[in-house]
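Both of the next two complexes hold chain A, though its partner changes from chain B to chain C.
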Partner chain A sequence: MLAEVGFVAVLLAFAAALYAIVASVLGARRHHEALVLSARNAGIFVFVLVLVASVALLVALMTEQYQISYVWAVTDPATPDFFRFTALWGSQEGSLLFWNLIMSGFTAAALVMNWRSQRRLMPYVIAYTMATLAFFLGLVLFLENPFTRYWIGPDNRVVESVLMPAGARAPQYATLAQSANGLNPLLRHFGMIIHPPMLYLGFTGFVIPFAFAMAALASGDLSTNWIKATRRWSLIAWIFLSLGLILGGRWAYDVLGWGGYWGWDPVENAALLPWLIGTAFLHSVMIQEKRGMLKVWNMLLVILTFSAVIFGTFATRSGLVESVHSFAESGIGFPMFAFWALVTLISVGLILWRWNRGELRDEHQFTSLLGRESLFVLNNVIFVALFFAIFWGSFGAPIISELFIGVNITLGVEYFTQVTPPLFLAMYVLMGVAPLSAWGATSLRRLGRSLAVPIAMTLIFALALLLLGVRSAGALAGYAVVAFAGFVALFETYRGAKARRNNLGESWPAAALALFARNRRRYGGYIVHLGITVIGIGVIGSTLYQQETQQTLAPGDTLQLAGYTMRYDDLVHAIAEDGRSMTIANVTVSRDGNEVARLRPRQDLYPDMPMTIAGATSPFPGTDDFYVLLVGWNDSGSAVTFKVYYNPLINLVWWGGLILIIGTLVAAWKDEPAPVYARQRVSSDGKAPVAAA
Partner chain B sequence: MLAMAHLARRFASERAPAPPLVAGLLLLALLLAAIPALAQNIPVTDDEVNAVARRLYCPVCENIPLDACGTPACIQWRAEIRAQLEAGRTPEQVITDFVQRFGERVVGTPQDPMLRALSLVTPWLLAAVALVVAGTTVYRWRRRGEAAQTASPTPPASHRDDAYYRERLEADLRARR
Partner chain C sequence: MAQATWEKGQNAEALRLAKPAGGRRKFLFGGLLILVAIIYLIASGTMAGAQYFITVDEVVNNPEYIGQTVRISGVVLGDTIEYDSENLLIDFTIAHIPSEFDDLATALYVAANNPDATRLAVHIENQVKPDLLQHEAQAILTGKLGEDGVFYATELLLKCPSRFIESGPDGAMLESGA
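Let's look at the complex of A and B:
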């Protein structure tokens, strides 16, 4: 019954999405308001139907309906309820349905919230969002259906089908339950449970700015309306994408057992690419809002962001990452590639059409090479260069090499650590300089005056590092450049609070709070910059100064690393509730003779899957981490091999991520309105009064 | 090989008179010949194995460095790295051997000069082109802006917007007719 409910709901959602496309386009062309309204209702109804389908699958997972092949593939009778719930996105078919649920949720929310303010754009927004949804619903319906069931055919062969084939019967429940697969052990971690939804929220969220941009191009309303309508949607998508990346890094650090959080793997990079272009878009869009410039560029960036989302999804789901040839073998490979190409071509075509008609002219010209507009353009160039450098290393070079030269290559950490650091450092320099530059014209002298204090703070910081023993020129330069961006953010906030304190006599906390309340976008942005600075310091420290050793110890033996002593105490074996067998080593870490932590690195062996999970430990609340992996052991535990990492400043990566999220939330929050006296002062300047009567 | 080493020891212990150059060359030849034999006993630590394995990618699992991969195949490959290091091979020789046997895919950047150049130079070229295009565009915009300001004083923004939207309105109306 659940399979039928889910299947019919997806089928109806697909039909509703197609209807919404036709009705919205016809409504817009014929100026038929009722048709557009009907299209909007159909668009909202798509969400309701996908929700019904998702709930049906969830109930099937929770109630152990193993006849449904998806339930059989991702759970077994030993799976705890919590993991049954998260199994909804544990494999391709379910995660595609979940993807549709989130995208339809975003779409329904945007249709409801922007309906009154953006009536001219709405028909086209409906058409673009529904076209995207129809494509992904089509994938679920025709290629990756999570509601197919197992049947025993008349010839006693097992067949997979949603509806019961003629003459077939249902298999024995006990047989199905006994042979069920269970969730992939790698996914049984908190980071992995929450990481995919965050990433999907980030990915699918960008459909809203994309649809509004396309609507602006299609409707001819090329003012800043689409940007005003989508600023918060873009920030929301960006927050989730950032969270997804941070949690993904944490999961890799805890579970994959290689002592790091970012391996420059193509799957990781596929998520980073839209983030980079999305970040460029968030900056560039400010220029259009303030100065009416970069209209074409902003359109291109939002298209590239969404295009990167679709490409990343295609690359990771189709098998392109493994080999350029394997995507053709995957069921969804070719349709996804075609959709990605079609979306990109149509979007770029629309831009070119409007550009040729002269409708994307900028309202102002650049007047100074040091103006904020110019620096933001440079910032965009850096982000785009990073995008292409990472795209090239992850997909471009391997695909071209395999297709045209016939040689399989991998561009790994060596490539990325050679190519990206200069670009990242340039990004940090601009992160510091650009906020101090004024819109329009800025003289070098004026900019230099604004930079004097942050540069002095940076020099003092670098000197302090030198005195503390940092001798590597690369590390010193890296720390200094990254810290400079943070000092600018801190100093600008201090200057703002000081101005309020001097003018209004407020206390420091009151002045700072008022500052954030009045201009959340600007000062939220500074918090984000501070978060990126903290992340940067963590990345430099943990990359350049990581130490590691691998040694085999007998009970009571010790090893030394980075001033710490680790003693191996004993080895224990245990069976967990879910059936996995755990081998746990007890070790004691001390420094200067004082015990600092007792750690329990372990390996888990799952009964049905020959897979071991390396359990790492992260005991220190401060900045550094002592990371212990259990690599091997003999039966008696008399010889155990440990791989131990000392990761200095690594926890700053997570703390920086938290600061970044807080800053983005502050920036996305609506500004507090100016007090009445201030608004009245504006109206007395001869402009239209805006104060309430 | 052991015989050669034995000869060298005997040569050293007998201290037989010989012309210095000949004796020196013979000693050098014997020492060079004896190196692989002596190297059989080079103790190799896990850290040295991992330092080489980190520069290699698992030929079976995608994009996982060999030092971090826990599959039986990778454990075996790490054992092979150890054996080669114990046999006196340098890390570079071990890596070259892996590339010859499993292809360019096992290293983080290709060893083949053409592929290496294609991989490493292209992004810099792209970045340089992007920078030049952006620089030229900004410069041109700036020149255009300056020229516009010199030719006629900038009209108030509201007038400019009016003209712009009037023009667009006319265009829309023409399209509807």
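Let's look at the complex of A and C:
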């Protein structure tokens, strides 16, 4: 019954999406309001139907309906309820349905929330979002259906179909339950529970800005309406994409057991690509809003972001790349590639059409190399350069070499570690300088005056590092450049609060709070910059100063690493509730004779699965991490081999991520209106208060 | 207030600084310089990081690959795996994966069970034995072929299609007579 409910719901959702496309386009062309309204309702109904299908699959997972092939493939009777729930996105078919659920949710929310304010754009927004949804629902319906069931055919062979074939019978439940697969152990981790939904929310969220941009091109409303309508949607998508990337890094760090969090794997890179372009977009739309410039560029960026989302999905799900993160090779590769190519071609074609008609002309010209818009463009160039460099290294070089010289050439980690650091450092420099520049034009002298204090703070910071023992010129330069961006953010916030304090007599906390309340976009942005700074310092520290050792110890033996002493105490074996057998080593870490932490690195062996999960531990509340892997042991536990990493500053990567999310939430929140007296002052003397700047 | 006042002053200055005619050349030159720098960066990185992704057949039968960093793909032969957990050394043998099969699982099965398939001994140091290193797994290795005919790998990526991807309930159900 659940399979039928789910299947029919997806079928109806697919039909509703197709209807919404036709009705919205016809409604717009014929100015038939009722037809557009009907299309909107169909669009919202798609979400309800996909929700029904997802709940049906979830109930099937929770109630162990092993006849449904997806349930059989991703769970078994030993799977705990918690992982039954997360199994919804544990494999290709379920995760595609889940993808549709999130995308249809975003779409329904946008159709409801922007309906009144963006009536002219709405028919086309409906058409674009529904076309995307229809494609992904089609994949679920025709290629990766999670509702197919196992049947025993008349010839005693197992067949897979939603409905019972003629002459077939249902297999015995007990046999199915006994042979069920179970969830991939690598996916049984906290990070994996939240990481995919966050990434999907980020990916699918960008469909809204894309649809609004396309709607602007299709309808001819090329004002900043589409940008105003989508600013928060873009920020929301960006928050989730950032969270997905951070949690994915944390999962890799905890589970994959190689002491790092980012391996320049093609699938990791595929998730980073839309983030880079999305970040460039979030910056460059400000120029269009303030100065009416970069209209074509912004359109291109939003298309490239969505295009990167579809390409990333295609790369991950088609078997195009070899990666620990990718899904199995599947039949959806060609349709997804065709869809990606079609979306990109149509979008670029629409831009060229409007551009040819002269409708995308900028209202101002660039006047100064040091003007804020020039520096923002430079920042965009850096993001786009990072995008192309990473795309080339992950996909471009292998594909082009295979196509044109018949040999597959891949680019190793060395490529990424050589090409990306200069670009990231340039990004940090611009992150510091651009906010201090003025719109229009500014002189070098004036800009230099604004930069004096942050540069002085940076020099003091670099000197402190030198005194603390950092001797590598590269590391010092890296820390200084990254810290500079953070100092600018802190100093600008201080300046703003000080101005309020001086002008309005507010206390420091009140001034700071009012600053964030009245201009959340600007000061939320500074918090984000601070988060990126903290991440940068963590990345430099953990990359350049990681130490590792491996030793075999007897109980009571110790090893030394980075000033820490690790003592191996004993080895215990245990069986977990879900049936996996755990081998746990108890170790004690101390520094200068004082116990710092007790760690329990372990390996898990799943029943009937020759697969173990290496356990790692992050014990300290500080910035550094002592990461212990249990890699070998004898039966009595008298000789146990450990691989140990000391990762300095690595926790700053996670903390920076948290700061970044807080900053984005502040920036996305609606600004408080300026008080009446402040508005009056603006109109009377032409000067705005700090909060409204 | 200070912020806005400051910007306003600068906007006035912007008018004074604006020189559209000469400015365009300045922007073009600057843009070109940045573009060249980025292209150089990517090109030099490509030269440094490029690795041929080849088959076991190709690396074994072409002496020019000896000593050159390459990526190879082969199927793991389970009974050859030796792991020294004390020193973190792994030795195993991979076999050539034929290209005529669309289905990876079948290709891996055929390769692992074909005694005539080209084989290559692999040695990896300082590597914890990965969970997926098992019979019929696809190994993607980065490293160099030594003069002694052993492939010294520095990076190992494994894919195991049999367990979580291709398997269905056919065998189990038919065996139990369901």
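Going forward, the second predicted complex is superposed on the first by the 663 of 693 C-alpha atoms of A that agree within 3 Å, B and C clash if a C-alpha of one lies under 4 Å from a C-alpha of the other, contacts with A are read in each partner's own complex, and residues count from 1 in each chain.
What we mean here is this: a residue touches a chain if its C-beta (ideal position, glycine included) is under 8 Å from a C-beta of that chain, and two chains touch if they have at least 3 such contacts.
Small disclaimer: the values here were computed from a predicted structure and weren't measured.
Enquirer: Now for A:I152: first (chain B), second (chain C), both, or neither, which partner does it touch?
Expert: The answer is second: A:I152 touches chain C but not chain B.
Enquirer: Identify the partner contact of A:W392: answer first if only chain B is touched, second if only chain C is, both if each is, neither if none is.
Expert: In the superposition, A:W392 contacts both chain B and chain C.
Enquirer: Spot which of chain B and chain C makes contact with more residues of chain A, would you?
Expert: C
Enquirer: Pick one for A:P171: touches chain B only (first), chain C only (second), both, or neither.
Expert: After superposing on A, A:P171 lies in contact with chain C but is clear of chain B.
Enquirer: Taking the superposition on A as described, I'd like to know which of chain B and chain C A:P266 touches: first, second, both or neither.
Expert: Touch status of A:P266: first partner only.
Enquirer: So, does A:G349 touch the first partner chain B, the second partner chain C, both, or neither?
Expert: After superposing on A, A:G349 lies clear of both chain B and chain C.
Enquirer: After the superposition on A, what does A:I405 contact: first (chain B), second (chain C), both or neither?
Expert: Touch status of A:I405: first partner only.
Enquirer: In the overlay, answer first, second, both or neither for which of chain B and chain C A:V381 touches.
Expert: Both partners, chain B and chain C.
Enquirer: For A:G474 in the superposed arrangement: first (chain B), second (chain C), both or neither?
Expert: neither
Enquirer: If you stack the two complexes on chain A, which partner ends up touching A:Q418: first (chain B), second (chain C), both, or neither?
Expert: A:Q418 contacts both chain B and chain C.
Enquirer: Enumerate the residues of chain A that count as touching chain B in its complex and touching chain C in the other.
Expert: Overlap of chain B and chain C footprints on chain A: residues 257, 322, 365-369, 374, 378, 381, 385, 388-389, 392-393, 397, 407-415, 418-419, 423, 550, 552, 612, 614, 641, 643.
Enquirer: Which residues of chain A touch chain C in the complex?
Expert: Touching chain C from chain A are residues 69, 72-73, 91, 150, 152, 156-158, 160, 171-172, 175-176, 178-181, 184-186, 257, 319, 322-324, 328-329, 365-369, 371, 374, 378, 381, 385, 388-389, 392-393, 397-398, 407-416, 418-419, 422-423, 438-443, 446, 495-496, 499, 503, 550, 552, 609-614, 629, 631-633, 639, 641, 643, 686-690, 692-693.
Enquirer: Hey, which residues of chain C end up touching chain A in the complex?
Expert: Against chain A, chain C makes touches at 1-8, 10-11, 13-15, 17-20, 23, 26-27, 30-31, 34, 38, 41-42, 44-46, 48-54, 69, 71, 73, 83, 85-86, 88, 104, 126, 128-129, 131-132, 134, 140, 142, 155, 157, 159, 161, 163-170, 172-174, 176, 178.
Enquirer: Residues of chain B touching chain A in their complex?
Expert: Against chain A, chain B makes touches at 45-47, 50, 55, 57, 62-65, 67-68, 70, 103-110, 112, 115, 118-120, 122-124, 126-127, 130-131, 134, 137-139, 141-142, 144-146, 148-149, 157, 160-161, 164, 168, 171-172.
Enquirer: In the complex, go through chain A and note every residue touching chain B.
Expert: 220, 256-259, 263, 265-266, 321-322, 357, 359, 361-369, 374, 377-378, 380-381, 384-385, 388-389, 392-393, 396-397, 400-401, 405, 407-415, 418-419, 423, 548-552, 612, 614, 641, 643
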